[in-house]
Amino acid sequence: MIRSIKTFLTLAAVGLLGLAIAGPAYAAVTEETAFVFNSFSFLVHGFLVMWMAAGFAMLEAGLVRTKNTATICLKNIALYSLAGIMYYLIGYHLMYTNVDGGWIGSFSILYNPSDAELALLNAEEATDELIGAVTANSYASMSDWFFQMVFVATAASIVSGTLAERIKVWPFLIFVVVLTGIIYPIQGSWVWGGGFLAERGFSDFAGSTLVHSVGGWAALVGAIILGPRKGKYGPDGRVNPMPGANLPLATLGTFVLWFGWFGFNGGSQLALGSALDVSAMAIVYVNTNLAAAGGVVAAMLMTQVIYKKIDLTMALNGAIAGLVSITAGPDLQYHLLAIIVGAIGGVLVVLAIPLLDKLKIDDVVGAISAHLVAGIWGTLAVGIFGSGSFFTQLYGIVVIGIYTVIASGIVWFALKALMGIRVSDEEEETGLDRSELGLEAYPEFGRGSQTV
Amino acid sequence: MIRSIKTFLTLAAVGLLGLAIAGPAYAAVTEETAFVFNSFSFLVHGFLVMWMAAGFAMLEAGLVRTKNTATICLKNIALYSLAGIMYYLIGYHLMYTNVDGGWIGSFSILYNPSDAELALLNAEEATDELIGAVTANSYASMSDWFFQMVFVATAASIVSGTLAERIKVWPFLIFVVVLTGIIYPIQGSWVWGGGFLAERGFSDFAGSTLVHSVGGWAALVGAIILGPRKGKYGPDGRVNPMPGANLPLATLGTFVLWFGWFGFNGGSQLALGSALDVSAMAIVYVNTNLAAAGGVVAAMLMTQVIYKKIDLTMALNGAIAGLVSITAGPDLQYHLLAIIVGAIGGVLVVLAIPLLDKLKIDDVVGAISAHLVAGIWGTLAVGIFGSGSFFTQLYGIVVIGIYTVIASGIVWFALKALMGIRVSDEEEETGLDRSELGLEAYPEFGRGSQTV
Amino acid sequence: MIRSIKTFLTLAAVGLLGLAIAGPAYAAVTEETAFVFNSFSFLVHGFLVMWMAAGFAMLEAGLVRTKNTATICLKNIALYSLAGIMYYLIGYHLMYTNVDGGWIGSFSILYNPSDAELALLNAEEATDELIGAVTANSYASMSDWFFQMVFVATAASIVSGTLAERIKVWPFLIFVVVLTGIIYPIQGSWVWGGGFLAERGFSDFAGSTLVHSVGGWAALVGAIILGPRKGKYGPDGRVNPMPGANLPLATLGTFVLWFGWFGFNGGSQLALGSALDVSAMAIVYVNTNLAAAGGVVAAMLMTQVIYKKIDLTMALNGAIAGLVSITAGPDLQYHLLAIIVGAIGGVLVVLAIPLLDKLKIDDVVGAISAHLVAGIWGTLAVGIFGSGSFFTQLYGIVVIGIYTVIASGIVWFALKALMGIRVSDEEEETGLDRSELGLEAYPEFGRGSQTV
C-alpha cells in the first residue's frame, strides 16, 4: 500500500549509540506502554460492545409490533443497567476470582480498583516502584472489568428479544438479575475464569457458547415455559405472521451489532501491546467482517431459492448468525474459512427459524436461531477449522447447555409460581406498552394510534 | 482474568544489557509515545462526544410531536455546525488563551496548529529538535481543540430540546452562536482555562456545571421568556400531556448519549500516556457506566412507586441524569458511590419534571431536570464523596449560575425585542415543520399525514 | 488548556543514565510501538468507516418512500457484505499488489496475512527476529486490508441511493460485485496503489475522486440508463416532489456519516506512531469537522435565500457535500480554508440538485450532487488551496471519470440486456418492498399500511 508520505522519520532519530548498547530489544514495546495499549484496548473495544446494547434494542424494537415497542425499549435499557450493577456487586468475582481450575469463583462482593492502582493514584509521586506494581498486571483492573461487563449484558439482551410481546416487565428483569449476577458468571468461570473446562482444553475465543448460546438457552427455556403469543399458531398448525413494525430500525440494530462486534471479537484478543497481538487482532477484525458478510449472502441466497423472494429480516439474521458463528474462533489464519463458517451460520438460521415455528416455540426476533444454533455451530467449527478438538468442543457445549437449561428453568419456574411471568390475554391484546407502561411508542402513527 | 495466551513474549526480548544500563526507567512510556497516546485519546474520545450530538438529535426528535420533528433535526445539525465554527473563530481563545487566574481569555481569532507543529510538518526532515518542540506540549494542539469543541456543542444541544415546538429557527441559531462563541467559553475559562474558580479550588472533572448546568440554565431562562407551548397548561392548572411521537428514537438517542459519555468523562482524564492515566481513565469509564445504571434503576423504581407504572421516558431521563450527576467527579475510587450518585440523580429527575410543570415551565424533553438539576447535584456530590470542598462547589455553582442566567437572559430578551423568538399561534398549531421548513418529517405516517 | 492534574510524573522516572547514553532518541516511539499504533489506527478508523455503511442505509431509508424502504435497507446490508467478499477475493490485489507505476495490480486471489505475521503467530517464541520481520512492514497487513475494504463499500453505498425505488435487487447487487471487485480497485491502483496517476503527482488524500466521484459517476450512468421514477417528471417539465418518508432517520444517517468520516479522513493519514503523524491526524479531524459545518451553514443560507425556507434535506446534503469536498485535501494547515472549501461544497449541492432535475436525471437522495459534484470540487480545491497542481488534479478527475463512466456503462448495459435492471411499472407502483421482498417496512403505519 502506497498512500503515506513521511512517517517514521522519527524512527530515524533513534541514536546509534542507544541501538548499539540495547540491541534490537531497544525497538520493543516497553512494559508501561504495553500496559497502556492493553488497557486502552479494553476501553475502546468495551465501548463498542456496550453499543451493542443499543443494537439489540433497535433490532428488537423494529421486529415487534407497535403496541409492544416501548416496552422492549425499556427492557433493553433496564437489562443493560442491571447487568452492570449485578456484575459489579457479585458477578465478576464469581467468574474470575480464585477459580483455579474449579467450577466457581469467589463469593466476594463489589469489584474495585486494585490496591496497587490505588497506591499509584493516591501517591504524592509516581515512583518506578508504584508504576511497576501496577504494570505487573499488564492491564488496568477496571478496564478489564468494563470489557467483561458488557459481555454479560449481551447475554441478557438475547433473552429479551425472544420473549418480547408477552412477558411482564418485572419478572423479566428479575430473571436478568439472576442471569447476569449468578448464572452467567458461574459458567463463565469454567472457561474464561480458568475453570475445569479451560483445563480440559475447551476453546471459546469470544463467546459463541459462553455468551451467545447461554443467552440462547435461557431464551429457549423461557419461550417454552412462557408459551407462544396469542394467535401466533393456529389450531390447524398454521403459523400466523406477526411482522415487525419498523424494519429500518431493525436494520439499524443489525448494523450496530456488526459494528460493535469488532469490539466483541477484536477486544477478546485481550492485549494490544505487541506486534503479535495487534497482528492477531487485525486478523480477528477481518474474520469477523467476512463471516458476517458470508452470513448475509448465504441467507439471501437461501431465501431466494426457498421462498423466491429475498427476506430482509432473514438477511439481518444471517448477519447476526455469521457473527455468532465466528465468535468462538475468529483467529483463523486463512480468511476464506471465515466466509464459509459465517455462510453456514447464515444457512442454519434460515432453516432454524421455521423449524422453531413448527415446534411452536415462539421466538419473536429469531434470537434462538441466530444465537443458540449459530453459537453451537461456531463452537464446533473451532474443532473443525481451528485449533480445538471437536469432541472437547462438543463436551463444553453440552455441559454448559445442560447447566444453563436447568439453572434458567429453575428461575423461570420460580418466577412463574411466585408472581406470574405472563401478562393477561387482555393485556397482551391491548399491547404491553399501554398495559404495563401506560403509554404508546408511536402515538401519532397509523394503526398504532387508531387503537387508542 | 485468564483468557489470553501468548502476550508479552515480546517483552522477554528486552535485552539484559539495556536493562542494566537504563534501569527500570527503560520500561517507561517514552515522551513521544505519551504524546501520541494523549493526542489519540483526545481524538477517540472527541469523536465519541461528537456522536452525542446525534444522540441529542434522536432523543429530541423522538420526544417532540411529528409536526415539529424535522425542525428539531435541523436545529440539532445546525447547532453542532455553528458551535464548531464559533469555537474556532473566537471561543477557544476566550476559554483557554492567557486566562492566568482571571475571568476571561484572549480576544484572538481563529485557532490553528502551533508553530512547533507546523515547523515539524513542513520540515524536510523530522529532527529530534523539531519533535521535541512539539512533544513539549504533551498533546497535539488540534486534538485538544477538537475535544474541547465537542463539549461546547453539547451545551448547545441541551437548549434545543427544552425550547422545541415553539421557538423560531433563526433566533434559536443566533442564540447558539452567542452561547458557543461567548457565554460558554467565558465561564469555561474560570475553571478549565485556569481562571479564578480553578484557583479557588472549584472542581468539575468533565462538566456537570460547566457544560450541563450552563446548558440547563440557558434553557431555563429561554423557557421562561418563551413561555409554554399552547395548550400545555390548562386554565385549571391541568397539565396536558403532549407525548413524544417516536419513543424508540428517543431510546436510541439515550443509548447514543450513554455511549458517547465514555468519551465525555473518559477523555476528560486529558491524558492516556502512562499507567497512572489509563488506570484512572478505566475508573472513570466504570463510574460513568454505573452511575447511568443507577439512574435508570432509581427512576424506574420511583415511577413504579409513584405512578404504579414504569415510565420509559423517565427511565431514559434517569440514565441521562445519572450520567450528568457523575460528570463532575467520575474519578471516585470506590464504585459503589457512583451507583449512589447516579441513583440520586435518577430520583431527582423524576421529582423535578412534574415540579417544573407545576411552575408552568415547559421543558419539552426534560432537559432542565436532567442536565441542570442533576448537574447541580453532581457538582455538590464532589464536595460530599470526592475530593472537593462542599462550599467551594456551591460557590462555583452559584457564580456560574448567576452569570449564565444574566448573560443568556440578555440575549434572549434582545432577540425577542429585535426579531421575535416565537412562532405565531397558527404556525405553532400547524407545526414548525410545515411553517418554518415547508416539509414534513413523516409525510406518509398516520396522523402526521392526515393533517396535510 | 489546564484541566489535568498529575500526568507525566511517570516521565520523571526516566533514568538520567539512560538519557545520557541514548540521547534524545531515547524519548522516541520505538519501532514496535509505532507498528502497534499504526495498525490500531487502521482498526479504529476502519470501524468508523464501516459504520458509515449504516449511515448510508439510514440516510437512504429516510429519503425513499415507505413502499421502498425495506428494499433499500436490504441493498445496503447486501452491498456492504459483497464489497468485503469481493475485495478479499480479488479487489485488494488488483489495487495494491505490484502496481509499480502502472495501471493495474495483480490478478492474484484471496488476501491473507503475510508470511512474516504467520511465522510470528505460530512460533513457539516471539523472537526479535520474528518481530522485526513483522514490524518491517510498519503495520499489520490485515489492518490495512480492513481499512481499505471499508472504502470500497462506501463507493458502492453511493450508488444505491441514486438508483433507489426502481432498480431490481439482483442486477443492482451484480453491479456492486463488479464495481467493488474490479472497477473500483483498478482506478484505485492508479493513485493509492502507486500507479501512473500517483507518479504524475495527482493527489487525493482520502478519496474525493477515488471513492466519492467514482461512486457518483457509476450512479450517474446508472440513473441515465435506468431512467427516472414513474411520475417524477411531468410532461410539462414539472418536477413532482416525492418526499422521503422518515426525515429523522435521514438525519441520523447524516450524523453517522459525519461521525464515520473522522475515520475516513483521519485514518487516511495511514500512520499514527509518531508526533508528526498524530499532529497531522488531529489537523485532519478538525478540517473534516469544520468543512462539514461549513457545508451545513452554506446550504441553510442558500435555501433560505432561494426558497425562503430552510430545507432540512438540503442541510443534510450540505453536510455530506462539505465532507466530500474536504476529503481530497483535509491536511490544510489553516483551518479557515476548510470552512471555505466545505461551504462551497454546500453551495454546489444546493445548485446541483435542481439542475439534475432539470436534466431529468432522477437521483433519489441527491448522491450525485453530494458525492460527484462535491468530489470534483474537493479534488480541484487541492490544486487551489493545497499542495497539488490544479491541472494535474483536473487531469486525474477527467481520466478517472472517463474510465468509470465507460466501465460502469458497459456493466449497466450488459445487465439491462441480459436480465433487465428495472422493475415493471406495476411493481414500481406497488413498491419494491412488496414486489421484490414480499413484505413491508412499516406494516402498521399510516398510508403505508393503507395501501395493503
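For reference, chains read A, B and C in written order, and residue numbers begin at 1 within each chain.
Operating definition for what follows: a residue touches a chain if its C-beta (ideal position, glycine included) is under 8 Å from a C-beta of that chain, and two chains touch if they have at least 3 such contacts.
Note that this is a predicted model, so its numbers are computed, not measured.
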item: Contact graph of the chains (line, ring, star, complete, other); value: complete
item: Interface numbering overlap (same over half, different under half) for chain A and chain B; value: different
item: For chain A paired with chain B, centre-to-centre distance based on mean C-alpha positions, whole Å; value: 29
item: Junction residues of chain A, two or more chains touched; value: 6, 9-10, 13, 21-26, 28-30, 32-33, 44, 126, 128, 131, 246, 252, 273-277, 442, 445-448
item: Chain B partner contacts - residues on chain A that touch it in the complex; value: 6, 9-10, 12-13, 21-26, 28-36, 38-40, 42-44, 46-47, 50-51, 53-54, 57-58, 61-62, 69-71, 73-74, 76-78, 80-82, 84-85, 88, 96, 99, 110-113, 117-118, 120-122, 126, 128, 131-132, 134-135, 138, 140-146, 148-149, 169, 192-194, 198, 246, 249, 252, 268-271, 273-277, 436-450
item: Residue ranges of chain C touching chain B (in the complex, touch as defined); value: 1-4, 6-11, 13-15, 17-18, 21-30, 32-33, 37, 41, 44, 48, 65-66, 125-128, 131, 243-248, 251-252, 254-256, 258-259, 262, 266, 272-283, 285-286, 289-290, 292-294, 296-297, 300, 307, 309-313, 315-316, 319, 333-336, 339, 442, 445-448
